[in-house]
Structures are given as structure tokens and as C-alpha cells.
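You will see two complexes here that share subunit A, one where it goes with subunit B and one where it goes with subunit C.
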Partner chain A sequence: MATKIRRLTLSTGWLLVAFAAGLPLFGVILGLWPSVPIAWADITRFFAYKGLMSSVTSTLFLSLSAPLLALYVAFMVYSQYRFNPRWQALEKRLAPLLSLPHLAVALGLVYLFSPGGMVYSAFAGIIGHAAPDWLGLPRKSLLTMILAISIKEVPFFLLIFSALGRQLAIKDWLLQGRALGYSESASWWLLVFPIMLKQSRLALLAAMAYTLSVLDISLLIGPNIPELYAVALYNWQTGFTSADQANAFLGNLLLLIMLATLITGIYLHEWLVVMRLRTNAVMAKPLNIARLSRVFTAWLGFFSLLTVAILVTFLLWSLGWNSQSTLSSINWSPALWQDEWFFMQGPLLNSLHIAFFSSILGVAITLLALELQQQSQRYLPDYIWLLAILLPQLSMVHGWRIAHSDLSASYTTSWIILTHIPFTFAYSYLVLRGPFQSLNRHYELVAASFGYTYWQRWWQIRFMLLRPALLSALAIAFSVSIAQYIPTLIIGAGRITTITTEAVAIASGNEQSITAVYMLVQAILPFIAFLIASVLAQRIRGSFDATHH
Partner chain B sequence: MMWLTSKSAKALGAVKRPTNASGLLTLCFLSLLVLLPFAEVNAQDNPSSEASKRANSQQWQQTLASAQGETVYFYAWGGSKPVNDYLRWAAKEVARRYKIRLRHVKVADISEAVSRLKVENGRNSAIDLLWINGENFNFLKSQHLLLGDLWQQIPNSALLATKKLSLHSDFGVPMDGFEVPWGVGQFNVMANKGLFDHETLTPETLLNAAKQNPGRISYPRPPEFHGTTFLKQLLVALSHDDKRLYESATPTAQNELLPLLWNYLDRLHPLTWQQGKAFPSSNTEQLSLLQQHQLALAVSFNPNQLAKEQSEKRIPDSVERVYFAQGAITNSHNLAVPKGAQNPNGAKVVINFLLSEQAQRQKLKGNWGDPSVITPVLDNASTLPAQQELHSSWQQIIEDSWQQKYGA
Partner chain C sequence: MLRIINCHISTDHWRIELPDIFLQSGELLVLTGPSGMGKSTFLHWVLGDTIKHANISGEIHLNDVSLNALSIEKRCIGLLMQDVHLFPHLNVLDNICFALPSSAKDKGGQKLNKNQRKEAAMRLLNKIDMGYVGEHFAEQLSGGERSRVGLIRALANQPKALLMDEPFAALDPQTCAQVSQWAFEQLHTQGVPAIMVSHDINNIPPEAQHLDLAKYYRRIAS
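And then the complex of A and B:
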């Protein structure tokens, strides 16, 4: 009997875990089923769509270059900070810096640096006449997109590197490098970089898949001649003519082909880098890039400054600044906040409600997945667990939408929570796997020898040891849920509004001041989550220092 | 299609003369017969009394009673603050008067709602009410996805100013009671003073303005509807108001008329904002570029927008309203209820309120300034000379060919 119950529990557990991890694949596959019969004429018309090729190439270029740029910058920052007293400061500030939503970074850059933006106007004020337009960041362009995404992804890669760094014996390698007569910076590139690059393939793919199908910032700051591929695909998916629907189906296929291209790109880049470094090492050529690294000593200061500048810009706009005014002529007033507060409560409560449940459930299922693997002594490869962030969102949500409307399902927050779980699950898996696997089993052995049962050991020792990691996983899952746009919009039919969907709807209008209000709230929510997590974690550490072996 | 509508309207108009009860009876009978339930609106010499009579009918009282406590999800474009504010005001009023919760679901483009209705295919819908016109209406009507008989069922539709405004058809497609007019759009341009010499503009003066102010002129990227309408205005002017624009677009007409537009745009685009390599995504984005002095003009479908924005001090007084010399393209924007709506009664009560004198006056006098469609609140002062809307088939053709020519 007991074994039967145990088996039943186990299989239920696996089922639950498979559900959360498999939902993205389910969506993608369902979306591959054509909703209209596809004729040859549809295919020729699809490929005759003007701008398709340039849209595909510019999107591929963006999705390859921005994450790679971010990875290089992150590595240089890491190499400058890792064995330096500044590392502590960076690690402490990493989480809040990571929490700034993509949308806020993108719009913040435009508000600050575009022609007519704050920095641009201030500069014009100083030199006395309007600065030429080319000095400003274009409002809509590939360059703006690349900048926004690469700036935003640096903290993400730093987080990945900091987790990797704990597993790799970097210090020893650097020593060996020195023994062989290489400078420290050369050793970083020749010895550490190739391994780090190989180990961050999945992170790189996650960033690329995100860039490939991100809709909100593509709409707001992406180029529109031609538009980025995600925008074109979304227009087809929401179009109603049969031509649009055929395009949507074919476009979805093409999106997956583009994803495959990006994966090839990752391996190709890796191979090229290793070749290049090997030649450099053999020929003893100096590494130009190693000299560049030193610039990034200032990264933490720069990035913190940028974050503060963005938040201050939004704050100024929300308090009455606008592009007509000079500093002296502004009527500072919180009127807008007072007006909007009433209408913001609904979306705010929805956001909190969805983020609260989807983050807790996501983290719980992650724990379950790790525990089940631990018990069966077999860890499945990461990409199986991380499908939600490795596959393009537009494809999977397209499939979910078909299933959702075939079920005649309701438009309630529970459905949205369900669609957020794969994402909160994937991110918390990314964060928790390391700490979970590297838990010191010694304590549990000791407890077992004192006669503690399995569940007692699990709850009173493993869970307690994991608490700080769990808290940061919760905070990350929470901010992931807050920033979700496509699933919330499409599964909720727009009826369930969150801070993010409202922010995008308002940002597409011309009300920069109200947009600023919503952007601030959207940025503050994850920040608060991280703050609470870090305060709690500090308390736990204070009372229970065993976590830091 | 246009002639059919006006003809049948005339035919029915002739019937109504004998007035009063017998006239009304004949009329109801007739409109039931032909399923064109808009005719009785013309029938009354005093629309207000007709509206209140209908409001007191048992049927409407039942609708009101069953609408209580419903939540009406209103899918409407959400990119404009004055519109959003107006809907917030309406939601408050509707809650107070009828105990209905009105929720504005902000969409970036109403075609999102149309494609959702297509996927739902008449089943229980997420949408109770939508703000629609043109191609989107044409599609939903042809797919039988809309609730009919709205003009008959909604008392305040008796107030509609059908004599003064052309409210029976939408882009050449008869409404047939599947949608109710809500407001009137007139396409105009808000431009820096001195950009054009006159109150009107032509393709030539626009090109000259672009030459003198390189990089300061642009228009919303089609298929955004303001951008498409801008192209339509140019096409009307360039083709000297060719009659074929008001009929279904034949291949010959396309081959003869469209090149006029493309040749013109080929000359205009190198002189526009970012050399035509990017366009504002919407009229609102264009407006914010005007506010930031990046552009010298912005387009609008609301003839009162400039005055409203200036009174709010959001656009400097150095901007004036101009329109195309052939007249401003004029159309109505309308309200419709999907067949699968879960709260159709609530939706009808909301429409009835939005057509009331108070709501239409608030729409005109408040921040939005959208022209009224009902007789008691007509506003002739700000009305521009009207240019007929093109046949709906031109819309898709212009958008598709624009994409093929300039989309990359």
C-alpha cells in the first residue's frame, strides 16, 4: 500500500512538473497546425511580401548582435570585478539592477537621448542652439533596439557568470596562466572565456529567443521600415483575412527556422572565437580586446547612474515636465498621480495577484522538479526545463490562444497565472538549480543519524538551507511575471489589464507623462520584490549562518 | 453600394410623409420587411419625443432591468488620452444611472478585436461592445458576426441626425442596423503656421513645404488608418476626384489611378522625416513629434482636436488647422455589438447612453471635442467641407501596395 501511494505521488509529481515544463512545447506544436488550408499561392504570396527578407535579416542581426554584445561586455565587467573588492558591491547591486524592466530601459533611453529628449535638450541648452538631429538617438531604429537590449542584458549575463564562477576554478586557471607567462587579462580571455562561453550557451539562447520575438519594445522603439519580424508576425496573427492567417502560419514556421539559425549562430560564433583565440595564443599575438576590458571597471557606476537617470526622467515627466517647458517654468504637481491612482488600482491588483501566485507556484514546481530528479538520481538536461525561455514566445502563445478559445475558456486571472507559470518556472529553475545541487549533504546525513524522517530532514534542513536562494528565485519569478506582455494580452483578451499591458497601451499614445507614471510603477514593483527578498535573506543569514559554508 | 443605400433611404423617406401613427405603423412594417431598420429615424419631426417614447416601451424597460449588474467590455482604441478620459467619465455615469460596469479594453488596433471575433466564430465572446468602422465593419457584417436591429432597439437612435449627416453607410457599406454611429471624423492636418499659405493644402503645396522644411514632414505608417487616409486624400487630389474611387476598385481603375500616388510619394519621401526610412507608428506618435518640434505637422481625424490641445496648452498657438482642398474626408465612427456578446443588453444600454444628449454634448464640449451625431447637439461651426469616403475596397489595396512599394 505504502509503495503504491508513494508511486502515485511520484507520478503525480512528474506529471505536474512535465506540465509546467512542457506547456511551451505544446503551444509551439499546436501553433504549427494550419488553421486554414495552405495553398502554393499562399506560400508564393508570403515570400513576395515586401520587406520580408530585410525584416528577417535585420531581426536576425539584432537577435545575434545584441545578446552577444551584452555577453562580451558582461565578461569584461566580470573579469574586472571578480577578484577585486568591488565584486561584493556588484553582487549586492546586481539583483535590483536586473529588475529594471526591458520596457523601462528602452523608453528611458529614448526619453533621455532622442532628439527632443532630456539630455539632448540640456545639451542644446548649454551650447545655445539646437543640436543636429544625428547627435540624438533615433526614436525608431535598429541601433536604438540593439543599444537598449544589449544594455539591459548585461546584468543578466553577469548573474549567469557569477553562478558559473562559483563552479569553475577560475583563480587556479589564472595562476596557471601567470605561470605560463601570460598577463592576467590575456589569461582571462585565453583560459576562462572559452569555457564560460560554452557554459552560457543556454543563457545566450534565452536572450536571443527573447530578442527574436519581443513585441512591446519592438513596437515602441524598433524600426518600422521594414518593421521587425515580431511586429509583422503579430500583425498577421491578429489579422482577420484568410491571407493574413496563411501568413501567420507560414510566419510562425519561419520564426522557428530563425530560431534554428540563431542556435547555429551560437555554435558558429563559439567555434570562430576558439579558433581565433587559439591562433592568438600560438602566435603570441596581443589581444586587442584585453585592453578594452579596462574601460569596464567603471561599469557598475555607469549602469547605476543610467538606472537612476531613467527613473528620475520618468519621475520628472510624471510630475509635470514636458518637452515644451524649461526648468523654471514647470508647475510641479502630483496631480497626474492623484488622477491616475484611482484607475491604476485595478491593473495594479491584477499584476500583484498574478505575479504573487505564478511566482510561488513556479518556484514550488521548480523545487518539485529538482527534488524528483534528485530522488531518481538523474538530472535531465537543462534545455528541457528551460523551454519557456528558449522558444519564441509568439509561437507558443499563438498555440495557447488556439487551445484557450477552442476550450471556450473564460478570461480570468487564473488562466493568465497558468500561462505565466512556465516562465516563472523556467527562470526559477535557472536560479535554483545551482544552489540545490551544491547543497551540503552532510547536515542531512547527521540529521538522519539522529532519527529524523525524510520529510523532517527535507523541511527542517534542506528547505532552511535553501531559503536565501528561494527568496531570490521568488523575486526573479515575480519580476518575470510582472513584465509579461504577450501571454497576458492574448490569453486575457485584453480584459485582464496589468500594469504592463496598460503601460504599453498608453506608451503607444502620445502621453509621455502618463506613460512615465506607469513605467515608474512597473519598474518599482520588481524592485520592491528584490528589496523584500534581500532584507529577508539578510535576516536569515544573520540567524542561520550555516548557509555560507 | 452607396447609390443603393441612398436610393432605398429616399424610397423609404417618401413613404414616411403621412406622419404620426399610421405612418409609423407602415414604417415599422416596411423596415421589418426589408430588414433596413434605419428608416423610422427619419420619420419623426420631433426626434426627442420619439426617443423618449421608445425609451418608455416595455421592451426597453426589460432591457434596462436585465442589464443591471452586468459588466460591459468595450473594446476601443486606447491610444488617446482625451478619448480614454471621456470613457472614464461615461463609465462613471453608466454605473450611477444603470448600475452597469463599463470596462474600456484598450486595443492598439481594433482589428485585434475583429480577429478575436473571427476565432470565436459567434461563440461566447470576450467582447460586448466595439468601436469600429470601415473595413473592419464590412468584414464582421459579411461574416454575420454582429447583432442586428440596433437602430430599432435603441431608443436614442431616433436622435441621429440622418438628415444632416450621411449616417446610413460606412465606407460605402450600408450599416443596416448592425452598427450605430457614435461620432464623426473629419481628416485634417495640424501644421505650423506659415507652412502652408492657405487654410487648405494640395499635393503641390505639401511638396513645396517639404522642400522648404526637409525632414519635418511625415505621416503615420499605413496600415495605421490615419496614414491610409492621408494617402486617400492625396489620391483624391491627384486623380482630380476620379469617380471610380467611390466604387469597388477594378484592376483598370487601380492601374490608372494608383501610379499617380506612387509617383508623387517617390518625390515626397526623400524629403520627409528620416528620409522616409521610418514613419511615426500612429497619429499620436506624430503628435508628440510635433510637440517636440521634430515635425512641422500632424494629422488628425478630429476637427476640434487642435483647439482642444491648444486650450490645454499642449500644442503652441503657432500651429493651425488646415485641410485638403477637395474637402476633408469625412466618415462616422460607430458602435457595434458582437453576436456572441455575453452582455448584449448592457451593451445596448451603454450605446443608448452614449447617444444621449448629455453624453454627446460632453463628447463635443469636453477634452475630446469629437463632433456629435445627434440632432440636438449638432455643431456646424467647426465642421469642415466634407469629402466623401472612398469605397472600402480601396483601403486594403492602398495599404498592400504601399507596403509593397515602401515597406522596406
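And then the complex of A and C:
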């Protein structure tokens, strides 16, 4: 009987984790099923869509270049910080810096550096007359998108490198390289980068898949004519005519072909770079760019300053600043906050409600997935668990929307929570896998020798030791949920509004001050989550060492 | 010639005052002593690495050039550790090419091209009858093969001295005896002075100098 119950529990557990991990693939597959019959005329009309080629090429260029740029910058930052006392400071600040939503970084850059932005205005004030527009960052352009995404993705790659670095003998390779006559920076590029590049494939794919189908920032700071592909696809997906539905189906196919192109791009880039570095290694020729790394010694200061500048800019705008203001002429007032508070309460409560439940469930399912693999002594490849961040959101959410409509489901926060779980699950998995797998088994062996049962050991030893990592995972999952735009918008069909959907809706208009209020709230929520997690983790560290990975 | 004089190693609890070390080309010095007595720390100091857990002072001269102010990469001192750290993304030939000086020239005085460098690396491997591992990667080699390739790579760099930190400790006793004997012959033939940290005093060649750190170890009264 006990065996049967155990088997049933295990099967239910596997079913649950398969559901959370497989939901994205289910969405993509369902989205490949045409909702209207497709005729040849639909195909010709689709390819005749004005600006399609330009939209596809600029999206592919963006999706390739921004993550690659971020990867290179992150590697140079990593190489400058890793064996330096500053590394601990960077590791401490990495998670909160990572939590700043993409949208906040994107709009923050525009508020700071576009013509009329704070920095631009300050510069004009210093030189005494208006600076030419070309000196500022365009409000909507491919360049602005590339900058925003590449700046924002650097902390993500640093997190990945930090985890990879723990498994590699980097210090010894560098020492060996230097003993063979190479400088430290040359050794980083020739000996460490090829390996890190290969092991960062999934992270690179995640960043590229995100960029490929990111909708909120494409709408707000992406180029207009033609728009980025995600915007065009979203318009088709939400269109009512059969022509739109046919375009949505074909567009979805094209999006997956673009994803395949990006995967090919990742391998091609890797092959070219590894070949080039291998030739340099064989020829004992250090890279010319090796010295460039030193510039990134100041990255932590720069990124922290940028984060603070973005938050302060939003705050100033929300209190009365505008692009025509000078500091002396502003009428500082919290009136906007008082006015908006009435409208903001609903979306804010929705955001908190959805993020709270989806993060807790995401982390719980992650623990279950890790535990089930541990028990079966068989760890499945990471890409199976990370499908939510490796597949384009627009494709999977399109499939979910079809299923949601077919089930005649209601528009409630429960459905939104369900659609957020694959993302909170994937990010929690990314954070928890390392600490879970590298927990020192001897603690549990000692407990077993004292007569504790498996579950007593699990709860009193493993869970307790994992608490700091669990808190980080919860904070990251919470911020991931807060920043979700596509699933909230499409499954909620506008009836369930959150701080993020409201922020994008307002930012699409011309109300920069109100946008600033919402952006500030959207950016601050993850910070609060990290603050709480860090305070709690510090209390826990009194009894356990959290750095067991 | 490698000369190390006035060398002191100290921590808050102990101090070692080393006798002056003089090594002519091809000579070997074996450092022994209990764990935690600073043997590896001493090697890393000679190499030019940053030392964190002890204070070391002294003068290092290699062929009458003072090394103290030079960084690791300028010292021309090779390093062979217990794990020889063959770079995992490069095969054996490329590992050796990586170590060949970039200025290596052919008989006509021309800088070697890529193929010539690979041929030069292959010649080094063939000299020890190991040409068959040229295209292998580190994980495809046995422990003994890895140690041999590690030494060949270190020597391909044409170091003026070599430091070895228990380079054969991971090998089984029989392989250890064979590989260490072969390694000492190589160093002697090529005239490279070497310092080796070892716990195994049975495999020391009779002509090697021997320095037991325990003899010079002094506790500091607190």
C-alpha cells in the first residue's frame, strides 16, 4: 500500500513539473495550428505586407547584436572583477541590479538621454544653448533598443558567468597562461572565453528569444516605420478579421523560423570566434582587444549610477519636472501621486496578487522538479526546464490564448497566475539548481545517523540550508512576474490590468509625468522584494552559511 | 643559473629562514616538508604570483637578472602543477603551440606560420613517442600522458627555469617512477634548472639537491 501511495505521489509530482515546464511548448505547438483555413492568397498577402522584410531583418539584427554585445561586455566586466576584492561587492549587488525591469531601463534611457531628457537638458544648460538633436538618443529607434537591451542584459550574463566560474579552474588556467608568457587579459580571452562562450549557449539563446519577441519596449522605444516584428505579429494576433488571423498563423511560423536563424547564428558566431581564438592561441598571438577589458573596471559604479539616475529621473518627473523646466522654475508637488493613487490601486493589487502567488508556486514547483530528479538520480538537460525563456513569448502565449478561448475561460487573475508560472518556474530553476545540487550531502548523512527519516532530513536540513537561495529565487520570481507584459495583456484581454500593462498603455501616449509614476512603482516593487529577501537572508545566516555553492 | 638569496617566509605563528639556493642549468632542487609549511607558497612567490597567506621576502636572480620586480609573464619561469591544466578547449598540439614562443623562427630566420608551428609541436611530441595524442583533448589522455604532455608544453615555452608542484603525485607508484625519471632526464638534457615540491623522497634522482623546510621552521612565541 505504502509503495502504491509513493508511486502515485511521484507520478503526480512529475505530472505537475511536466505541466509547468511543458506549458510553453504546448503553447507554441497549439499556435502552429491555423485557426482559419490558409489559402495561397493568404501567403502571398502575408509576404506582400509592407515593410515585412525590413521589419524581419532589423528584428534579427537587434536580437543577435544586443545579446552578443551584452555577453562581450559582461565577459570583460567578469574578467576585471573576478579575482579582485571588488568581486564580492558585485556579487552582492547583482541580484537587485538584475531586478530592474527592462521597461524601466528602456524608458529611463529615453528620459535621460533623448533630446529633452535630463542629461541632454543638463548638457544644454552647461553649454548655454540647445544641443543639436543628433547628440541625443532617439526616442524610438533600433539604436535605442540595442542600447537598452544590451545594457539590461549585462547583469544577466554576469549571473551566468558567476555560476559557470564556480565550476571551472579559471584561476589555474590564468596562472598557467601567465607562466607561459601571456598577460592576464590575453589569457582571459584565449583560455577562458572559448569555454565560457560554449557554456553560455542557453543563456545567449534565452536573451535572444526574449529580444526577438519583446513587445512592451518594442512598442515604446522601437522604430516606427516599419515597426519591429513583435509589434506587427502582436497586431495580427489581436486582429479580428480572418486576414489578420491568417497573418497571425503565418507570422507565428516566421517567428519560429527567425528563432531557428538565431540558433544558427549562435552556433556560427561561436564557431567563428572559437576558430579565431584558437588560431591566435596556436600562433601565440594575444588579441588586440584584450586591453579594452580594463575600461570595464568601472562597470559596477556606472551601472549603479545609471540605476539611481533612472529612478531619480522618474521621481523628478512624477513630482513636477518636465522637459521645459529648469530646477528653479519647477513647482514641486505630489499632486500627481495623489491623483494617480486612485487609478493605481487596482493594477497595483493585481500585480502584487499575481506576483505573490506565481512566485511562490514557481519556486515550489522548482523544488519539486529538483527533488524528483534527485530521487531518480537522473538530471534532465537544462533546456527542458527552461523552455519558457528559450522559446519566443509571442508564440507560446498565442497558443495559450487559443486554448483559453476554446475553453471559454474567464478573465481572472487565476489564469494570469497560471501563465506566469512557467516564467517564475524557469527563473527559479536557473537560480536554485546550483545550490540544490551542490549541497553538502554529509549534513544529511549525519542526520540520518541520528535516526532522522528522509522527509525529516529534507525539511530540517536541506530546506533550512537552502533558505537563503530560496529567498533569492522568490525575489527573482517575484520581479519576473511583476515585469510580465505579453501573457498578462493577452490572457487578461485588457480586463486584468497590472502596473506593467498600465505603464505601457500610458507610456504609449504622451503623458510622460504619469508614465514616470507607474515606471517608478514598477521598478520599486522588485527592489522591495530583494530588500525583504536580503534582510531575511541575513537573519538566517546567523545559523547557517548560505554560500554553500 | 637560478639564485634565491635571503629568503624568509613567515606567518603570525612561524617563520622559515631559507638557506641561499643556487641552481646551475639542468640542476634540480627538491623541496620537502610537512603540509602547511609554505612549500607551494614559496614556489608561487618564485613564479611571481600574489601571495596572500604568508609574508615572503628575498631576492630572486635568473641568469643574473633580478626577477623581483617582474610580473609572472615576464619571468620566463615555467610551472607544472599536480593537475597540469592542459587547456580543455585546445587539443594537445594546440596546447603545445600555445606555449611555443610567438617569435619562434625557422632555419631561414622567418617567423613560423600556423602549419610550421603545428609541425614543431608534433616534432616535440614525436621525440617522446607521443605523436599519437596530437589530436587528443585533455580528457582523452591518461594521467601519465597528461603529465608528459604538460612537461613538453612547459619546455616548449623555452623557460629559463621550471617550478614543479607535486607534478606526479596523482599517478600510481609505477607510472610515477617512470614519468618522474623521464621528466628529470628531459630537464637535465635541456639544461633547465628546476625546483620541485614533493612528498615522495623515494623518486628523487641522486644528483638532485634536497631542501627539507622542516629543518628551518621556527615557531614564533605569542
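Basically, the second predicted complex is superposed on the first by the 543 of 549 C-alpha atoms of A that agree within 3 Å, B and C clash if a C-alpha of one lies under 4 Å from a C-alpha of the other, contacts with A are read in each partner's own complex, and residues count from 1 in each chain.
We adopt the following convention: a residue touches a chain if its C-beta (ideal position, glycine included) is under 8 Å from a C-beta of that chain, and two chains touch if they have at least 3 such contacts.
Since we're looking at a predicted model, the values are computed, not measured.
Contact with neither subunit B nor subunit C is seen for A:Gly434 once the two complexes are overlaid on the shared chain.
Of the two partner chains, subunit B is the only one that A:Ala505 touches; subunit C does not reach it. With both structures placed on the common chain, the touch criterion links A:Arg495 to subunit B but leaves subunit C unconnected.
In the superposed pair of complexes, A:Gly301 makes contact with neither subunit B nor subunit C.
By the touch criterion defined above, A:Gly125 reaches neither subunit B nor subunit C. Contact with subunit B, but none with subunit C, is seen for A:Asn224 once the two complexes are overlaid on the shared chain. Of the two partner chains placed around the shared chain by superposition, neither subunit B nor subunit C is touched by A:Pro334.
For subunit C in complex with subunit A, the residues that touch the partner chain are 47-49, 71-74, 76-79, 81, 83, 85, 87-90, 94, 97-102, 104, 114, 117-118, 153-154, 157.
Subunit A makes touch with subunit B in their complex at residues 49-55, 115-116, 133, 138-141, 219, 223-226, 237-241, 244, 322-324, 343, 401-402, 405, 408, 411, 493-495, 497, 502, 505-506, 508-512, 514.
The part of subunit B that touches subunit A in the complex is made up of residues 73, 75, 78-81, 88, 103, 105-109, 111-112, 114-116, 118-120, 123-124, 126-127, 136, 139, 215, 221, 274, 276-279, 281-282, 284-285, 287-289, 291-294, 313-314, 316, 396, 403-408. Partner subunit C is touched in their complex by these residues of subunit A: 169, 172-173, 175-176, 178-184, 190-191, 194-195, 198, 274, 278-279, 281-285.
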